[in-house]
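Note that subunit A is present in both complexes that follow, paired respectively with subunit B and with subunit C.
Take a look at the complex of A and B:
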């Protein structure tokens, strides 16, 4: 085995070509990591949402909460189930939510976008403890008041506390900002459920969120909802429900993979070019190593390690280049709700490792042909090389 | 005494398209342990080709080349690499040190292919460097050494595995006369005092004079049979 110091020192010695390759690979890895960070952020936003103790009930076959319908009868038939937890005042921990899309102007006259207005019942806040009021106060039912996500407020006009905006036939006043801890609720406006129904002339709700008494209650309620043919509803653990709502991330992941594939072909060629030059300049050195008794495969392995080392350094730099975007909040149109979905670019250790492994693979494939070619050069020819 | 190198009917023909060039033509030669054999002749006479075949880095077109009783043609590529590591020390005209490694690391290279542990390797490298008078240059990179010192490091690298055979291809070709003298004295001492068989290709009759036996080659054949006899 060639000493790793030999490969490492060669990478340093040829610093000009090393630098060019590192920069090329760093750009590819940075783009890859950034696009994947977008997908991870979106997925995390959905996966972060919900309370494992809660049960989400939607219409069977609905793709999202906003396309679901739960009638008042269905709501009432479940409201008094013995398996539902009650609060200290003996009120059932159930919220019947209504979701609708409202089209509102963005900040800085940047056009308009759909956003989700969620009407929640009196227990809506209790069932979602992760949502915290950070400024202002909660809305009061009947006063045409809303609270908005702080992250959403940064993106839409008229979302400062005290601002008003018109939706449907009426004006709504923003009275507070909430923070949902980087989850799907951060893309929402919250108001009173019955008020939203009245405002948009709805005679039904979109979904129910209930807190079963215990784990057994969760199982029983799920079974009860799904087996009752009259209900035609689907019950699912709230966390699991939102985790599955990650369709938005899928095309972004595809885009990321496509970009990464296209760019990696270029990067592999760049790495190959560098390694051809590196190996070409060391033909006599390789010949000498073979005279000393190093086998062909040892030399191939050494060059592969060198190529992978070189590109991995580029990978690390790529991750560092992408790092400032970690935690940057942005928004996109969610494919489930067709509304503005706010999320944060998220670079996880797993994603960074993936970027570095990706760069090492570029190094591996880029070095393979030059390394094999170099090892196959007859020793005499290699020694005669300048 | 059995010869360490036995060459019988050895020929080497290079094909360049349709043209065939005979580099060695039906050579017979025995080289004995402790011989310091010098190969002389004009460019293209086949002396380096003969050296390369004996050292196991090239293969003959026909004939037999046995070193220590082993027919090198019977060894595959990997076995030949192992054999070179254990049995041959090679000294090049251009030193061929690895530029990114220190003198110590260069000398240690052939030992990395052995089962020796780090302390044993260190000891052997130090001994080899002491032998060529460069123990105080162990940490220097090749570019920090003079040509003569570089060649002495190369000699230390050739000796570190304690090979029976040391081959040198114009080892003084790139050296000033003082450094060349030092290198030739070391090679002579290896043969005379350490019992190594040394085969050296040279153009320089003064360098050849350090050997105890000289062979002249011309057009792939021994030019003057009388010169291949041992010197008095």
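Take a look at the complex of A and C:
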């Protein structure tokens, strides 16, 4: 086998001609990593949501909380179940939420978008310990007050503490900001459940969130809800419910894969061009190696390693180029919620290594043909060439 | 040998490289055009013929908030209103699909064609639809895609409403820009949901383009300070409201496009200079036998332009050709419908190719011009 040092030195030696290839591949990998970071961020935000001890109850057939309906009777029929945990004051840990979409202007006159206004019951905060108030105070029921996610507040006008916004016939005042630790609740506005029902003239709630007494209670309650034909409801573990809300990420992944495929074809062509040129310039050198007794397949392998090395440098460079975007908050329309979904570009180590493996593969395919061609040149011709 | 054949032969002397260079330009421009088409489709929805007269009326809170049915009488009486129909999005799932692939709307069949004038259905189909409350009118595209016939059942599982639709297909329509939707009786929906009091939106046709702005204003002010304030806007503005919800996606695609163009530039310039450096000696000979600098430069420029334009023809032209023939609707699961390559996009693709060709020729070309004949003759490869 040819020493790796030989290949490494060759890459460095012809740096001028290889630089363009490296940069080209770096751009391809950077674009791939950035687009996939969007999809990863979206999925992570929904996978982050919820408490594994909680049970979510929604209408059968609904695809999101906002299109679910739970009537007052259904709520009452479940409220007094013995399988539901109670707090220190003996109140059941149940919240009946109501979700509604509110169209509001973005900051900097950047158009309007739907936002999710969630009315929560008195236990709503207790059941979702991951949501923490970071500024201001919690809303007081009946006073037309709301708290908004800090991340959402960065994107919408009138979301600073003390600001008011009009929706329906009423004005709502923002009294606090919360941080839900980068999950689905970070795209929401919270207010009191019954107040929201009154504001928007709604007879029923959207969904229920309950805390069963224990794991057995969770199973029993799930079965109970499922099997009661009159209820027509569906019970699901809260974490699992949100994890499955990933429709929005699908087209982004599709875009990422499409871009990766098309751009990698271009990158393979570029890598081929470079490798043809490097191999062409080294015909005599390769001939010499053959005379020294290196076998064809050794030479092919050596060149393949060289090509992969070259392209991996591009891959690493591309990941570095994409890295600054990690953690950058952005938002787009969520397909399930039909409202603004805030999330962060997330570059995981797995995604970065995918990018580098991807670049090495470009190197492999780009080098294969030129390498085989070089190893097939008859030794005498190779030595004679200038 | 004429100058033209000289240039062509030079460009193709290394066929492999010429192919690779042109192909890498082609792939990148193909991608560029594809992204532009996608972006256009997402951000600038195409306009129907009747769009300038049509007005969408939704709840001011958001599209998800219903409107009271009593508003109909008020809207009808507003001067300049030619027709109005309730219009409620059902969002049902067809067969075992996991997401909605075509829209279904509950409308008033008697008024429907007065508002959506471009939807053409035979009067026989239309009459059958109006007569039967459990029937629906289905767009021709959906009929063909699912291989449906008039007389078949249309079963839809509700996602937004806790009701499932079971309807008979009595007719088809075509002529709108998106012949995919299903239209059915609003009374049927009211009956299923036991809620005759609300509708999703109102769609209005103004009598003329001149009065349309006035009609919009009148509708908005008619419900001001009521419990259901409305937002009336032109069909265009209504569509742009959806576009606005996409948020930063436009910026994202724009930056991807620039990244592609930049990469393209980098790679082509380097390939082209490789091709030129390889024949420094030969160019020096040309110089020695009396060719002038600007002649050499124009040979090189013409050669690189030839290759990059060839790439543009393959890439941008190929994209236009492919998108014309493939069924993008089926391929993207209904997300894209037209996927049309405009002249403007072809224009910018060719412009990029031109700039590319000039830049990748000028950089190595200038170094050829600067070199002395003796140095050039001395170079070995």
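Side notes on the structure shown:
Note that the second predicted complex is superposed on the first by the 386 of 386 C-alpha atoms of A that agree within 3 Å, B and C clash if a C-alpha of one lies under 4 Å from a C-alpha of the other, contacts with A are read in each partner's own complex, and residues count from 1 in each chain.
Going forward, a residue touches a chain if its C-beta (ideal position, glycine included) is under 8 Å from a C-beta of that chain, and two chains touch if they have at least 3 such contacts.
All values derive from a computational prediction rather than experimental measurement.
Per the definitions stated earlier, placing subunit B and subunit C onto a shared subunit A by superposition produces no clash, and the two fit side by side.
With both structures placed on the common chain, the touch criterion links A:59 to subunit C but leaves subunit B unconnected. After overlaying the two complexes on the shared chain, residue contacts for A:379 are found with subunit B alone; subunit C is out of touch.
Comparing subunit C and subunit B on the residues of subunit A they touch gives the larger count to C. Once the two complexes are laid over each other on the shared chain, residue contacts for A:262 go to subunit C alone; subunit B is not touched.
Of the two partner chains placed around the shared chain by superposition, subunit B is the only one that A:293 touches, whereas subunit C remains out of contact.
With both structures placed on the common chain, the touch criterion links A:101 to subunit C but leaves subunit B unconnected. Draw one line from the C-alpha centre of subunit A to that of subunit B and another to that of subunit C; the angle between them is 90°, to the nearest 10.
Contact with subunit C, but none with subunit B, is seen for A:167 once the two complexes are overlaid on the shared chain. Minimum Cα-Cα distance between subunit B and subunit C in the superposed model: 14 Å. Common to the subunit B-facing and subunit C-facing surfaces of subunit A is no residue whatsoever. The touching residues of subunit C, when paired with subunit A in their complex, are 16-17, 20-21, 23-24, 27-28, 30-31, 34, 60-65, 91, 99, 157-160, 162, 225-227, 229, 231, 240-241, 243-249, 252, 256, 259-260, 262-264, 266-267, 269-271, 274, 332, 335, 380-381. Within the complex formed with subunit B, the residues of subunit A that make contact are 1-3, 5-6, 9-10, 12-13, 284-285, 287-296, 379-380, 383.
Residue ranges of subunit B in contact with subunit A, taken from their complex: 52, 55, 57-58, 77-78, 81-82, 84-86, 90, 92, 94, 96, 98-101, 105, 109-110, 112-113, 157. Against subunit C, in their complex, subunit A makes its touches with residues 17, 19-21, 23-24, 27-28, 30-31, 35, 38, 59-63, 66-67, 69, 100-103, 106, 110-114, 167-169, 200-201, 232, 247, 251, 254, 258-259, 262-263, 265-266, 269-270, 272-274, 276-277, 281, 330-333, 335, 338, 340, 386.
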